[in-house]
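Structures given as structure tokens follow.
Below, chain A partners chain B and then partners chain C, in two separate complexes.
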Partner chain A sequence: MKRREFLKKGFALTAVGTTAGFSLISLLGKSRRLYFRPPGALAEDDFLAACIRCGKCIQVCPYNSLKYADITDGLHAGTPYFNFRRTPCYMCEDIPCITVCPTDALDHTLTDINKAVMGTAVITDREACLSLNGLRCEICYRACPLIDKAITLKKHQQTITKRHTVFEPVIHKDVCTGCGICENVCPLDETAIRVLPSERGDKAGHYIYLKEQV
Partner chain B sequence: MGNVGRRDFLKTAAASVAAASLLASCQTKEGEPLSQKMGGVEDQLGIEWDKSVCRFCGTGCGVLVGRKNGKIVATKGDPECWSNKGLNCIKGYFLSKILYGRDRLTKPLIRKNGKLVESTWDEALDLIASKYSEILKTHGSDAVAMFGSGQWTIFEGYAALKFMKAGLGFIAKDGVGSNHLDPNARMCMASAVAAFMRTFQSDEPMGSYEDIEHADTFFTWGANMAEMHPVLFSRIIDTKMKNPDRVKIIDLGTQYTRVSEEADLYLEFQPQTDLAIANYFAHYIIKNKRYDKQFVEDHLVFKKGETNIGYGLKDGGADIPKTAGKMEKITFGEYKKFVAKYTAKHTSKISGVPEDKLKQAAEFISDPTRKVCSYWTMGFNQHTRGTWVNQLVYNIHLLTGKISKPGMGPFSLTGQPSACGTAREVGTFVHRLPADMVVKNEAHRKIAADIWKIPVEKINPKVGLHTIEMFRATETGRIKILWTQVTNPYHSMPNLNRFTKAAKEQDIFIIASDVYPTRTTEVADVVLPSAMWVEKEGAYGNAERRTQHWNKIADSPGEAKTEIWQMYEVAKRLKVDEKTTVADIIYNFNQDNYYEELWEEYRSFTLGIGKDLAPYKVLREKHGVVWPYVARDKAVNGKIDFSDVWDDIENTEPNGFTSVKWRYNSKYDPFAARFIKDHPERSFKDGIVFYKAKKNDYRATVLAVPYEPPGEVPDKEYPFWLCTGRVLEHWHTGTMTMRVPELRRVMPRAFVNFNPEDAKKYGINRGDLVRVTSRRGSVVFPADINGRAIPQKGSVFIPFFDESRMVNEITLDQYDPISKEPDYKKCAVKVEKV
Partner chain C sequence: MSGVMNNRRRLLRRIVQLVVLFLLISPLFQFSFFSGTLISGTILGINMVDPLAAIDFILATKSVYLPVIIGAVVVLLFYFIIGGRSFCGWVCPMYLVSELIAKLPKSWRAFSYKPNHSSKFWLLGILLILSVITSQPVFEIVSPIGIISQNIAMGIDTPPKNTAYIEENIQSLNELGIKTSLLPNTEAEYVVLFNYSLWLLLSLVLIDIFITRGWWCRYTCPVGAFYTILGKYSPLKIKIDHDSCTNCGDCFTVCLPAEVLAAPVRGDTAWVNNSSCTNCLNCVDICPEKSLKFSIKMAKEKRR
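Let's look at the complex of A and B:
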């Protein structure tokens, strides 16, 4: 669907909805879905306020990675997002999506794509992960554009054969950009590694963990 | 895994492992032409399990295969196979899917008016047979060639060898068979073969994978084991983790790979200068008196090789001197003087490796307290001086005596599942007969003719055209029939454009036996749909000399048939006289017991000479058997009585056999023990004897050969080195792995890999399209930078699996004048952003 066409249809539907007396709360309310935004996107609330739904970033993406949120996404409709399993961010070094953004929804001061934070990869299904099962897979590691930095391999002995090594992919939050390539390439039917929002877990900071001895 | 619950699957699979092998032999499928043994033991989910071996690389990982309703529904690593102990890599994980790509070939195809159209088997086979008859009767056997494979099962390779070398002579007007039979293994490990023969007069490594657990120092030479032999590499890392301070990995290569990442020391050298580095190590060993004096005295002979031997760039090898393979005896002193040129300074200058790194590596390899293993594959073998560089590494192991002992030895890894088993052991090369014999040798021809029960004159004494010259001869019209089986040369030949052009323009009849449409079936005149992997009974031989047999486990789709059947049916149509066909002469095996009789005939070539293969019945029972599988009693092996030395041999089996893990070592190898006992006049203090090296007084050869530059070197116009190879996820020309959607998603297309500094200089970003051009062609690839491998400055790397952009259109058809193996690792290219 062309963008213009979509916007037209979207507005038309909204109008129909209103006149028919439907409650728009569910449409306009915030979706519970997680949206993974282009590199340099502001925090979600600020992004929603700043993004004018012009679709330029979506059009300029050379890999067609970015998609439009549609009408079922309520307030998010028209905003750009990634479906990593379909097409991830391939981390163009010239970041065209930021260059074309007419507002500050995408942070123009971000010029090094490796510093982008779109999310953070997490092995979400450790039981299914082939590498953790001892197979020589590690596809996520080799496909990672920041190989040996964002994903490294932790080695331990294969406890069944006792003569091989398990190469466990370990994600480093401080380096991972959340580009989603790992989520995309995981060879399982349901990916075992997914990008999640970077902010999660303990935010309070009232306890400092022991770090590994240097 | 289909509908099987994971938990149930694991339970039942484990239970059925043991049962499968025991009961497999009880079931046979009757009524099939050339009856194959069917196997399988049913578990409670209705899945029948049987043993097999992975279809991909030369590691030879054992797998268990589960069948339901004639289809493969699941696979599992085989814990009883000692090559992998049940572990697989990601390609092994997807094994079951390679059979069921949507475009499997299921009907014979014949080219009519330029288009391939479906036909019946009878029509296709009649056409093929009539072509053979016509060409053989008018032009003789010189016009007929077959290009085979290191992925052939051993049965298929042997049947093909008989077809070409024994069968065709009964039809051809010149009355001899054709030696134009070469496997794609020519492009894969011919250099290793030539070097083994020239050094030890017996092909294949002396050690086994078990060396990995015994060694403490690993040298990888231009071998990205982490990606190409992932299961073996994880064994090396396990050894390292068990003793991290002691165990060292030293990686020598032209690009930084996942091996370099794990290595303790990485030496990045300029392409081809491995020749200089290996000579430097030998020099260091001698200069610092690190060589094993006794070993040198007892076991070695020193020789000097011919130099300036050319690159095979001219058709017919016109630039290669006839004496290219000559070796002349010299003294240890002369050898010492020869390698003395390769000082750290000189070697560093040639190779670009800093002197201190060279010295560190030399210290590790020469340290008498270290157990050193060297591993290599294509970096050494696909090399215009491949035979030399293989031998230069043997030099190091021989000088230090680090060979034929647990944890020590030079080990040439293989890339194909049966490069050893089929290509090398069966001898499907232009110059070979089974068990290391050669067509040039009259005594060898006599042995073969006796076993085959044919007149010796039917075996052609003239060596055939090796791969490159075979395909070059398709340009001149000399080759008129080319049958390719289990291989895809019109994707994998170097300087591809010239050969594809010839296939299209010349009057050459190409038959392609394959399972999927490929670049080769595209140019074929007849396409024969083949059964693959466990759809037929088979056996592969892996890099550690392990022969692994499997039963037929699944049905093949549509009308797909085995290559054994295809060759039989063609041979049946070739009439020698009114009553006799070629099949009656070469495939005179009992139809109900076809594979066993074929195997036992082939096996008779190997007995009592240190190449002894296991009997068919043992192979069916065991999860792989390492040869030599030696029988103690003369009555069984037919030649030698080992009973008086048997008690000193380790690992003998109650059945009166032993599987030799370290050849030439009398502790493990009855042939060595026998030889030493029979030769009290010689000193063999360490219990080692190179008993196959009769011509050299049972001594291994240390060869003095220099560094010589490659056939094409970057210049101003073409400033980059091009190296080609594989990636973990895809295998060879991708005909199987590109049909697994999950693997295709990981890596849908080939790429050109840059060094980050070069990319910056040329303004190339990751993902940019880049045109790579050589003197032979030009192909566009997306760029990859800072990925899994980092080529050194001034060089690019491109994998060859992608049939939509084939790097072989720009590679160079140069080859090693001794092994005739092409060099895919070095040619000159230029790059430009599109």
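Let's look at the complex of A and C:
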């Protein structure tokens, strides 16, 4: 009888300890991932304060683009985020995710999806980018919902044959919404174009200085 | 147990609990009368926000946003009228889980630990203070009610819902001569998503099974604590008729927060004044003498 009691207690402690311990460790562990929020989301800290983790935006998204962060994402658990490589934001004109948000975590004054800023696309792997290698890829440019505005093609001479043209996709930060379609459609195994937080890539003063010199 | 048990009210409550579960999964079946979760839902266009989530929101953002307040007041008024913890007894899926666990044999418990009844109020206070300090709605991050309703509502990866919209997009892209195979597949399958936050839920369930029955709902849940405070002056309460009560104790066997019955059955009061009562009406069902009744408590009767 004593052994049975011991086994029972041991089993209960192991079961409770494993599950509770796993939950606590994953909650308090710091996750270093970048989270791309729905259109109109406040700055990350304000967003985390205002988002009550109700999941309405995730549920309403017609493309199931939004996913909710798991407990393994630490204190981000329950918040919505995009995985652009899986499903990007297809930029619905009526922005249902903002309409359903019960709080102001998603800015209700944003009515034009083209003015949303979820991030900014950046060519992160210039060596791998097919277009920059002189191939006629330009898939990101073609797929961009703001074609010729957010991504334009800059033509310059290809250096290998000296006869052909490189069509370089150039992303314009002030227009790009960070919808992630370019990241999604990039044909490389590891995408060469990625959405990064829009705070990055700010034109520094010296760039403008250079422009003025010319 | 003595007397013939009348299960009518319990059956009604089970139906309501199942209807809530159905409402949560209804958007998967393209119904549009309900959307959202138990943290914030919209039923027939009426926006509701869990009052505790609304308070957390105000404390975390240190600002007031009117639609949140309105949504919370709708819920507050509703549960004030029908009795604060009616939410627990009739709506919350965690309480259903707790009730089912209560049916498991008592011998499964490896430890006998009884927390203090005031611990849920302490936890509520600590969480609210933490929300102010960390500027995050702390309880909503770990809320098992949120986790369980999110997992019911969104635990299945569905094919894209708005197929007309997608087809329109594909068509316009086709006209532009753009390859469309990269757009979402409208015939995607339903896939069950595994979510690690279910481990948190599992740990609560295991504590319920092996250590303290009703550990979460009776002693810990901050939402329950909040509704207990709200229900203090609710007009709808259980009344006991001391003349017909035989002190058989049947009601204690079916009550999850059984401590609420102690004072009225002893004869101290005519009403179940402890608002930890979830108005589940199990006691009304089981009472062989029909001494217990669900009735309206008027203000002048408050003293008794």
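Keep this in mind: the second predicted complex is superposed on the first by the 171 of 214 C-alpha atoms of A that agree within 3 Å, B and C clash if a C-alpha of one lies under 4 Å from a C-alpha of the other, contacts with A are read in each partner's own complex, and residues count from 1 in each chain.
By definition in this document, a contact is a pair of C-beta atoms (placed from the backbone, for glycine too) under 8 Å apart; a residue touches a chain by one contact, two chains touch by 3 or more.
All values derive from a computational prediction rather than experimental measurement.
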Message = With both complexes superposed on chain A, which partner does A:184 reach: first (chain B), second (chain C), both or neither?
response = both
Query = Touching A:163, do we find chain B (first), chain C (second), both, or neither?
reply = first
Key: Touched partner set for A:34, first chain B, second chain C, both or neither   = neither
Inquiry  = Per the contact definition in the header, classify A:155: touching chain B only (first), chain C only (second), both, or neither.
reply    = first
Ask   = Does chain B (first) or chain C (second) touch A:90, or do both, or does neither?
value = both
Ask   = Touching A:50, do we find chain B (first), chain C (second), both, or neither?
value = second
Task = Would you sort A:78 into first (chain B), second (chain C), both or neither based on which partner it touches?
result = second
Request  = Mind working out whether A:143 is in touch with chain B, chain C, both or neither, as first, second, both or neither?
outcome  = both
Request  = Using the touch criterion from the header, give the chain among chain B and chain C with more contacted residues in chain A.
outcome  = C
Message = Is A:134 touching anything from chain B or chain C once the two structures are fitted on A? First, second, both or neither.
response = first
Query = Of all the chain A residues, which ones make contact with chain B and with chain C?
reply = 62-63, 90, 92, 139, 142-143, 184-185
Message = Per the contact definition, I'd like the list of chain C residues that touch chain A in the complex.
response = 27, 35-37, 39-42, 47, 49-50, 53-54, 56-57, 60-61, 65, 67-68, 71, 110-111, 135-137, 140-143, 146-147, 149-150, 153-154, 157-162, 165-166, 169, 176, 178-179, 182, 184, 195-197, 199-200, 202-203, 206-207, 210-211
Key: In the complex, chain B residues that touch chain A   = 79, 84-90, 92-94, 213, 227, 230-231, 233-235, 237-238, 241-242, 258, 261, 728-729, 742-743, 745-746, 765-767, 786-788
Message = Using the touch definition from the top, list the residues of chain A that touch chain B in their complex.
response = 62-63, 90-94, 130, 134-137, 139, 142-143, 145, 147-148, 155-158, 160-161, 163-165, 167, 184-185, 187-188
Ask   = Which residues of chain A touch chain C in the complex?
value = 5, 8-9, 11-13, 15-16, 19-20, 22-23, 26-27, 45-46, 48-56, 58-60, 62-64, 68, 70-72, 75, 77-78, 87, 90, 92, 100, 102-104, 139, 142-143, 184-185
